[in-house]
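Several structures are given next for inspection.
Look at the two complexes coming up: chain A is in both, with chain B in one and chain C in the other.
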Partner chain A sequence: MNPFLGSLELIFSGDREVFQVAATTLRFSFWSTAFSTIPGLILGIALSGHRFPGRRTVAAVVSSLTALPTVVIGLAVYSFISRSGPLGHLGWLFAPAGVILGQTLLALPIVVSLVYTGLSKLDARFAETLITLGAGRFRRLTATLFEAKYVLASAVLNAFGRVTGEVGVSMMLGGNIRWYTRTMTTTIALDTSKGEFERALSLGILLLGISLTVNALVHAAVKHEQ
Partner chain B sequence: MKRNVLTFALACLCAASTSGMGGKEQPPANPRIKLATTTSTENSGLLGHILPIFEAKTGYKVDVVAVGTGAALKLGENGDADVVLVHARAQEDAFVAAGHGVDRRDVMYNDFIVLGPASDPAVIGAVKSSTEAFSKIAAAGAIFVSRGDKSGTHVKELDIWKAAGIAPSGAWYKEAGQGMEQVILMANGMPGYTLADRGTWLAVKDKTTLKICYEGDKGLFNPYGIIAVNPAKWPTANYEGAKALIAWITSKEGLAAVEGFKLNGEQLFFTYK
Partner chain C sequence: MSSEALFSVRDLSFSYGSRKVLQVPGLDIRTGEVLALVGPNGSGKTTLLKILNDLLRADSGSVLFKGRPSAGNPRLRSGSVYVHQSPFPLAGTVHRNIAFGLRARRLPDSEIRLRTREALERLGLAGFGRRDAKRLSGGETQRVALARALVLDPEVLLLDEPTAQADRASAERIREVLADIAARGRTTIVFSSHDAAFAEALADRAAYLEDGRLVRIDPGRRGRAPKAEDTARGNPE
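Moving on, here comes the complex of A and B:
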């Protein structure tokens, strides 16, 4: 069957498992994006707003962390949350919390890096103007954030896109447990290994559709705000 | 500080995600059982067939992590699983002897088979034993795809090479490092020979043009055992749940469920009667 038709059929067939897997993917991605956004914003703003020795080095390190392979993050977190690791008592391995922790660490450098570079591109006169107008620290921050909302939205969307599309962290830390930690990407990996390429491809198209929808919604929201 | 906030938030999330569970009459105190097992039991569909019966009866929920036998035992050893269902008898005994597991029971068996191209280029169709089959494949330099992942099947394959007195290496010997289905599909694509468990073969054979080139030798017997993770070593493990699962799967009802699992009319796993 044509994979495009297949993905439509998957969506409209009312297959409970497909919906459950899609919902799990969205839930994990939502929380890991949320958890990485707040510290990511703070760090990104701190990095762009303050001059301190070694700032460029820190920025370079952060931007190279964005290229960290998911399996490396997965492995590092795995060794911490395994029962035999230092955080083993939490019981997060092969559970949603483990995946969310791993994905949060995956998304964090992306948010920091994009916020930092985005804010660095703002016209330098913008900050000066605010100071000239007598804006206080807090007012300057909120005005900067408002001015840079596209930057922030794109940072968050990039983080979201990265975590919805990753497979290494979900597989290693979630264990691909049916009805529990199975996400769209781990389902695709499983279907591929079982030789069910068409179903895998259909799910891939569905994933792309979800990603596009989320992007469109956020862009529309930002535009509406203007 | 930030880490604390994160930890707290994740802990809340964790609590929220588990609080919605249960709902069965008299649910067990700890209803989640983590079962580390091999791809052959999960991906063939066996566990999807039998576990819902156990879950409906007891109120437990079994979380299946499907990896190779070596990895499954490692998860048990590290306390990351409550119970393991695997197929590599020598390793299972070592696992119990080392104090990692308790209550080992035999569950079921099937057999390994040597798959190969329909043309059978190394002519192993008429050989007398699996070691002879492997020797002929090596001598012909025919492509052989190995799991290469310390799974039960990989361990069996290495045992056969050893018995044949061959250290497989060279361009013809491909170590895939993948699951059974993937390896069968790779052997299909190359095409080449591979060692597979019959359960997985029956599950994917419609997608390939391979055929069974050799089967039936005693050395190809493939028994599965279930072992609870030692609660003395890992008090965090759900030992009650592991015991319940072991008791059920080896009960008349459990064994009948295993026997009743069929793919395209063919039975995949057999129990000891």
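Moving on, here comes the complex of A and C:
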């Protein structure tokens, strides 16, 4: 059978393993994005709202971290959660927690950087308007989050898209264990190396669908902001 | 300083980088007074208004509000509102914009609804409450910004070119509202304008600025004798 038609059959027949892998991927991505969102928002807002010496340098470093290779993050986290590492007793290596930790560290600079950039572009009149209307610190914070909600949504969606499509962290920290830590990208890599193109292709199609959906949402968010 | 001065400005100087943009040797503004700041673009009107509202801090000199330094003064913050020449509408509805300052003051919802509705009607914006504030015309935005300030019933209203973005109808409405507030005499209004005729018609006094310097203060045409002694040092008046 044509591999492409075979991949569609796997999708439309509801192949259990294909959808289990997809669900695992989305679960890992959801939690890592969620765990990176709160500290990412706080750090991004703090970076944009406070002037201190070296602020631009910090912003440049954070921006550089968004391009960090996933295997480097995987390696760094591996050294901490492997049996001989300081967090080895947690047993997170080759477990979902390890993947989620690595992906959280992958997503965090993306959220911080995009929030910082987005908030830095807010009109200077915005802050003056809040102050002159008598808003205190907390109300200024909530008003800023509301004003920049599409920028923030875009940051979170970008982070989600990045962790969904990564392979280095999942492979190194998850170990690609079937029915446990196997994600779409690690399955595609494995199946392709074994010559099993149909399942790899079916997961590729699903991954593409997720990626396009996330990008469409990001695009819509940015367009709405403009 | 005059004992009745609401604002007392002395030896004020402000620079952007190395460029000195404002120098005011002395200026007193009395309670209930309407003072126009008149001058061409770049004469320092906006800078002075922002300093009066503590949105900018002077490099040197002093600005007192009710006898106390204006910097970080909570009475100034709660009692005065500045409206930009080109106001910034907050995201959300017109109602959210107008209610924003009231919510910041933690007023009850029933009072917020009542005062917001009154402010909308006063500025000819009845029916605008649910409109997206970001999608209004320049004149409508200016009226919303004025309503957003007036709803707070401030002691001091600082307006930067209040009719600059407005069409003829909106400008007329704004003039009427400002004249009404001025006639009541409870609110001190300081506004900037490059239109000397408009400024003098509305104001008790008109302070003329050129290249960041206060050059003279003339009485306005409101039919009232000037309320404050002109204290601009070196003022040719």
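Methods note: the second predicted complex is superposed on the first by the 201 of 226 C-alpha atoms of A that agree within 3 Å, B and C clash if a C-alpha of one lies under 4 Å from a C-alpha of the other, contacts with A are read in each partner's own complex, and residues count from 1 in each chain.
Definition applied: a contact is a pair of C-beta atoms (placed from the backbone, for glycine too) under 8 Å apart; a residue touches a chain by one contact, two chains touch by 3 or more.
Treat the numbers as computed from the prediction; the structure is a model and nothing was measured.
*Asks:* Applying the document's definition of touch, where does A:101 land relative to chain B and chain C: first, second, both, or neither?
*Replies:* first
*Asks:* So, A:31: does it touch chain B (first), chain C (second), both, or neither?
*Replies:* Only chain B is touched by A:31; chain C is not.
*Asks:* Using the superposition on chain A described above, determine whether A:83 touches chain B (first), chain C (second), both, or neither.
*Replies:* It touches chain B, and chain C stays clear.
*Asks:* Tell me which partner A:134 touches in the superposition: chain B (first), chain C (second), both or neither.
*Replies:* second
*Asks:* Is A:126 touching anything from chain B or chain C once the two structures are fitted on A? First, second, both or neither.
*Replies:* Only chain C; A:126 stays clear of chain B.
*Asks:* Quick check on the superposed pair: does A:93 touch chain B, chain C, both, or neither? Answer first, second, both or neither.
*Replies:* The first partner, chain B, only.
*Asks:* Applying the touch criterion given at the start, work out whether A:180 contacts chain B, chain C, both or neither, answering first, second, both or neither.
*Replies:* first
*Asks:* Now for A:147: first (chain B), second (chain C), both, or neither, which partner does it touch?
*Replies:* second
*Asks:* On chain A, which partner's contacts cover more residues, chain B's or chain C's?
*Replies:* The partner that reaches more residues of chain A in the superposed model: B.
*Asks:* Scan A:54 for contacts with chain B and chain C and give back first, second, both or neither.
*Replies:* Neither partner.
*Asks:* Mind listing the chain B positions that touch chain A in their complex?
*Replies:* Touching chain A: residues 2, 6, 9-11, 13-14, 17, 34, 39, 43, 48, 63-66, 78-80, 178-179, 181-182, 185, 203-204, 207, 234, 236-237 of chain B.
*Asks:* Give every residue of chain A touching chain C within the complex, in rising order.
*Replies:* Those residues of chain A that touch chain C are 123, 125-126, 128-129, 131-136, 139, 143, 146-147, 149.
*Asks:* Can you list the residues on chain C that touch chain A in the complex?
*Replies:* Going through chain C, the ones touching chain A are 50, 53, 55, 77-78, 80-82, 84, 86-88, 90-92, 100-101, 103-105, 148-149, 152.
*Asks:* Once bound in the complex, which stretches of chain A touch chain B?
*Replies:* 31, 35, 39, 82-84, 88-97, 100-101, 104, 175-178, 180-181, 190, 192-195
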